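There are structures below to look over.
In what comes next, subunit A is part of two complexes: it sits with subunit B in the first one and with subunit C in the second one.
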Partner chain A sequence: MTLFRSFRSTALAASLALGFTLPNVASALADEQHFPLQSYRVGPYAAGGTGFFGGFIDYLNLINTRDGGVNGVKLTWSEGETQYEVERGVEAYERLKSNPGVAAWNPLSVGIAYAMIDRITQDKTPLITINHGRTDSTDGRVFPYVFPLLLNPYSETSGIVNYIGSKEGGLESLKGKKIVVLYHGSPYGKETIPIYELLAKKYGFEVQQIEVPHPGNEQQAQWLTIRRAKPDYVVLRGWGVMNPVALKTAAKTGFPVDRIIGNVWSNSEEDVIPAGDAAKGYTAITTQASGAEYPVVKEIVKTLYDQGKGNLDDKKRIGSVYHNLGIVNGILNVEAIRIAQQKFGKRTLTGDEVRWGFEHLQLDQARVEALGAKDLFHSIHVTWDNHEGNGYVTFQQWDGAKWKVVSDWIAPDWALLRPIIEKSSEAYAKEKGIKIRTAADVDTVTN
Partner chain B sequence: MSVLLDTPASAPNLSRTPSLKTWVWPLIVLVVAFGLVPAFGTSYLFEGILLPFLALSLAGVGLNLLTGYAGQVSLGSAAFMAVGAFACFNFNLRVDGLPLFGSIILAGLTAAAVGLVFGLPSLRLRGFYLAVSTLAAQFFVQWALTKFSWFSNESASGVIDAPALTLFGFTFEGAVGRYYFALTIVTLLTFLAYRLVVSEVGRNFIAVRDNETAARIIGIPVLRTKLFAFAISSFIIGVAGVLWAFAYLRTVEPAGFNLDRSFQILFLIIIGGLATIRGAFYGAALIVVFPLILSRLGALVFGDLFDSGVLDMAQRIVLGALIILFLILEPDGLAALFARIREKIRGGFLRS
Partner chain C sequence: MTGFDWLFFTEVLVGGLLSGVMYSLVAIGFVLIYKTSGVLNFAQGAMLLFAALTFVSLTERGINFPLAFVITFAIMVALGIAIERAVLRPLVNKPPITLFMATLGLSYVLEGAAQLVWGTQVHGLDLGIEDLPFDIGGVFISQFDIFAAAVALGLVVALSLFFRYTRIGLGFRAVADDQFAALAVGLKLNWIWASVWAAAGLVALVAGLLWGARSGVQFSLSLIVLKALPVLVLGGFDSILGAIVGGLLVGATEKLAEVYIGEYFGGGIESWFAYAVALVFLLIRPAGLFGQKLVERV
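Up next is the complex of A and B:
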């Protein structure tokens, strides 16, 4: 009996030890480029996670199936569940980084991205925070490996304020108006507090910023405060379950839904459908349109979903905002690799080489059309010192069944924002003792 | 050999002068931890497993002093971790020339002071009522750290960056360096905790836990003992918070120290074994390391069949079932379970 027990525990220990020593599933075949995905398919933000990572994987899969990879280099990926929690994200980073040929990281979480900045800079691998992230990482002089592609939080804020201005008949009409920002109680939510204060001072409107603690499924107190404050507009800077709850609570407290403007993480079908009628007439900013009529989405349906190889469980979500964002993210990552391959050769690239690709990621409208994404997103123009890439935004209104675009492609006020960003990034560089890069450093690439 | 086997290992050693054999196992563990592990470990082992394990173990040691030994249930551990982390960050940032070691001590003292304040209800409340009142610490600290951006140096998103880890002129860099940093602090404080529980103060803790009235009658200063338990436990938990933020995550935001973390630390000592020092380490191993092993094995075996979300849910179910199983097998926790297994094995050897 005793012998058996000790044997059993030895066997258990041995099998557990095996779990650590066995190499990762992804085999080290020649010419593969790997995407480690810190995804979240459970927890309060699963809707965003499944949609975004579903779209991302679908696009990578499309490139493999249709084109046989990027110039013959196959794309691979592996997932680590984070539940949007920072320490799980860090654990997943440490676990997945040993995969060969890592191209870039796409955590889709500001908290996890912050925790990774030191690590990826040391490991020389790009960190992509599309439409979110740390605003001053836009400054490639200080953050060589971080890319808040398309839209950083300050540009988003500028876009929203400009849109409200245009609704009121010009930015000068903002004077004396009152705007409430209802933000998610997380690093992501707080990122824009200073820029709203600054724009309020510049344009003469009054701003009140109210926090909703994570995850945000109870907002009675916040909306009562809003009712007392009687603002002209409420900007909803939410995430996950916070958004439908905000729309429903707004309806309950009698705040008109057409005066609520959602930010780029409050703009999905998953945010409005659960709110039912309370969401009809709600407007939100976006960098990529929703809908399945774009050629690239159609190809994904034809090549993957019709063969039963799509990543989304629910086919109704194909072409939804998060799914399309994942596809756009896939396009940007793949094109960065393609651009880097033109310089370094059609083979597995190092993280630093892919960084070079991202720093030359320039897709004009013609190239976007050639990729089958015309009107899905506008264009991008990343340079070594501008890691955002001047993305354009548009506004969409929910009509109860689908999002309808209600504005042209709008450019945020980049010239206004750049000095603020540089001030912040230079302070960071000073604090951390980082040498500010020059254009000459861009071509210094580690193999 | 037979001398080594004589006394049951599970008996709590309360003598003032522990004999040499008490130190054999801890010394072996230390030699392995300091000498062998860094020689063979991968960076994932340090960054992904050992650093959170060490930080949570230390928090467990701290809470075990309060809950296991002194019998005061607390749900505010994560708050004290947060106080430690943010205090260390601010001392390091705002006091010029203060070495990191000084910041850590001051951070621990700050956490101890906060712990003392939130320990005051323990003078009147017991059991569940005290647990509920320590919740106040949890909510208040998190609120204060979020509300006043001064604590995070006016950083826009409320996230702070960790400074370089320098102790006595030596900078701990890389995964192994941070591991040594954490291991050194954990060893020192665990030793301190061990000395404490075998001292008169430790016996006072146990007396207060087992029967407050009796303790008062034999002349133990009950109020002072309780408050001291809160202070010393918060000190250790505060330093654990520093390790969590600076050595492990290297970034910290208040939301990372939420109620879930407090529960995690409480469960960790219950599963590991209340009123034992090593129980905190067993418990942390089960709570931190085991889910990772499960996820590794799960991904290896079922990775192609299910997506990571399904696997993650399955792991929770397995972990939950295992915890129930362990506690049924041995309500006194893993420390007692392992002691019993060891006895059985020894018994088997002696018989044969």
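Up next is the complex of A and C:
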């Protein structure tokens, strides 16, 4: 696939060099839509990378194999290894963007995503940061090409606080409680510091935020501090090795695991299995359920894995948290293309046309069910100015062998968060000299 | 000092000392190689990852614990010999920086090879030792940390006896003192280097199992080297006793600093605090606490 793509781009570059006129790349390649993937299959975060990109590719492959593509437009992809390093991610961007018919970028890395914002804005191609990224990119008025789909960090924080409130008998019961946030020492980890402070003030609980330096393989000092603080709950905002070490150190210092709530990057099998018994009873937020019982996952197994065409090397990982996140990400990308095709035609779309598709990505529960994803994720309602799309969250508990859903779908407090997001995005717009978009700008699309 | 919580202070101190022992385990691997060849082996962390990943992958394929240990050790010995043949032998008499750069490259090769052979998945590792606390006079101490400290102590005693009383151990010391003199009396330098890399492989295996049981067997094990470097600066690059004392000092100071002064720096200071201490120490005592002072004719 990669060789073929690279041959074709070389051929295209050669044609341009020879002076051939290609009036419209889209019409020249009317039957393919391309996903350049800045994946990470080796390095410290390879476990997450192989799961997510494996799920994403599996879904694209399912659409090609089962449906012959999206309305006849075949989906293609090529991978550039980043090892989760920003400079490699940017290099991969520059190398892969020459592929014709690029639909969207999905780096699954906060650092790489930050480094790409100016580039993708200039190139007019969507950047998808499902469940992560900078919170204020939710504001489509300022960030037309960035989509933190389903859950931005502030919504995640609100969802966690709402869940803790529900465990305590209502948000009003949070008054006088104490919550410690144990966060990864990185821009990702620090992103939610102000929102926890804000929610603490609003609901009257005390919050103490403690940093764990990267990578987090030693946390004795932090957990002794926590034990002395005697909090009611600890929110684990970790990443990679920090998560199992946190759970093990909590057990070692006598903090009860059922009082630890993990964030969306502390919710995978890779976070709990290394912790062994110390993880039993641990609860974490998620936007998508894990498990292979969902129709879309079953179809992937039947259509791909049973035919030896699946992307994961280890079939035991089918339906894992990262694999299912990749599948959901695939659904959202494919549906955005399908929606955009309804407006622009059943052909290869430009990046800006796909952006329009994302800005109209509205999948209610009936549509989610029709896609075979009922209960895998709730719904999404993206608009031109709300690029997160009001994703719902749920909570899952690790029983030592698998995750089990322990809550209903919960809505974060979007109304509370929106003014804070707008304040931040408007400051960004001012700093960068960006003209704030209006609804009238949405349909202005570059071909 | 009214109100100062001495019990808590003791708990942080003891926890720090026990963490320091874990750092020492990694540092000993560095010392072994530096002592005999003058090479700072940056690949020690990658060797640790390779050993732990090999061991856990073998046990997951149904091989029992002792056999998996023996097989992994044999692989580490073979790896040691291969490194000597392919990397060190062609670089004999090259400047130390060349050898250091070679080990830096080697670390990337080993990390890649480990993931290529055994995959990228994260593994749990249960050594059968509970990582739960027990209460001694109000101070919580982890059983696992006590076990790790005992293993480290056993390793230090074994290595000390080995260096002092065995023929090959004395050969190591002779090479460490003067390579040319050792060659002149008939010691086989290549064989000694291969042996010492194999010994470092054993240390990497032991350290890898203990760290792997604590944090899971995953790529980040190779980053443990970053914890060992200040230990070496404090204790000396060529002293096993120094690695232990340096580890204890680093563990205790970084934990106490994190708890008591961390908030004044915004928290998360333990990642750099040990390096700051090591830097100050370098200015005062460049050879470390127990390192050999080099006097060279110029």
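One rule holds for everything that comes next: the second predicted complex is superposed on the first by the 417 of 447 C-alpha atoms of A that agree within 3 Å, B and C clash if a C-alpha of one lies under 4 Å from a C-alpha of the other, contacts with A are read in each partner's own complex, and residues count from 1 in each chain.
As a working rule, contacts are C-beta pairs under 8 Å (C-beta built on N, C-alpha and C of every residue); 3 or more make two chains touch, one makes a residue touch a chain.
Worth saying up front: this structure is predicted, and the values here are computed from it rather than measured.
Legend: residue contacts after superposition of the two complexes on their common chain; A:Thr50 is shown touching both subunit B and subunit C. Looking at the shared chain after the overlay, A:Arg41 reaches both subunit B and subunit C. Legend: residue contacts after superposition of the two complexes on their common chain; A:Gly185 is shown touching both subunit B and subunit C. Once the two complexes are overlaid on the shared chain, A:Glu211 sits against subunit B and subunit C alike.
Shared interface residues of subunit A, touching subunit B in one complex and subunit C in the other, are 41-42, 46, 50, 185, 211, 214.
Residues 1-3, 5-6, 9, 15-16, 19-20, 22, 25, 39-42, 46, 50, 79-81, 83, 86-87, 90-91, 94-95, 97-98, 110-111, 114-115, 117-119, 134-135, 185-188, 190-194, 211, 214, 424, 431-432 of subunit A touch subunit B in their complex.
Put simply, subunit A touches subunit C in their complex at residues 41-47, 49-50, 185, 209-215, 217-218, 220-222, 224-225, 227-228, 240-241, 244-245, 248, 251-254, 270, 273-276, 278, 313-314, 317. Looking at the complex, you find that subunit C touches subunit A at residues 5, 8, 11-12, 15-16, 19, 112, 115, 119-126, 131-133, 140, 142, 144-145, 211, 214-220, 223-224, 227, 254-255, 258-259, 262, 266-272. Those residues of subunit B lying in contact with subunit A across their complex are 42-45, 47-48, 52, 146, 156-159, 161, 248-251, 253, 255-256, 292-293, 295-297, 299-300, 303, 307-313, 341, 344-345, 347-348.
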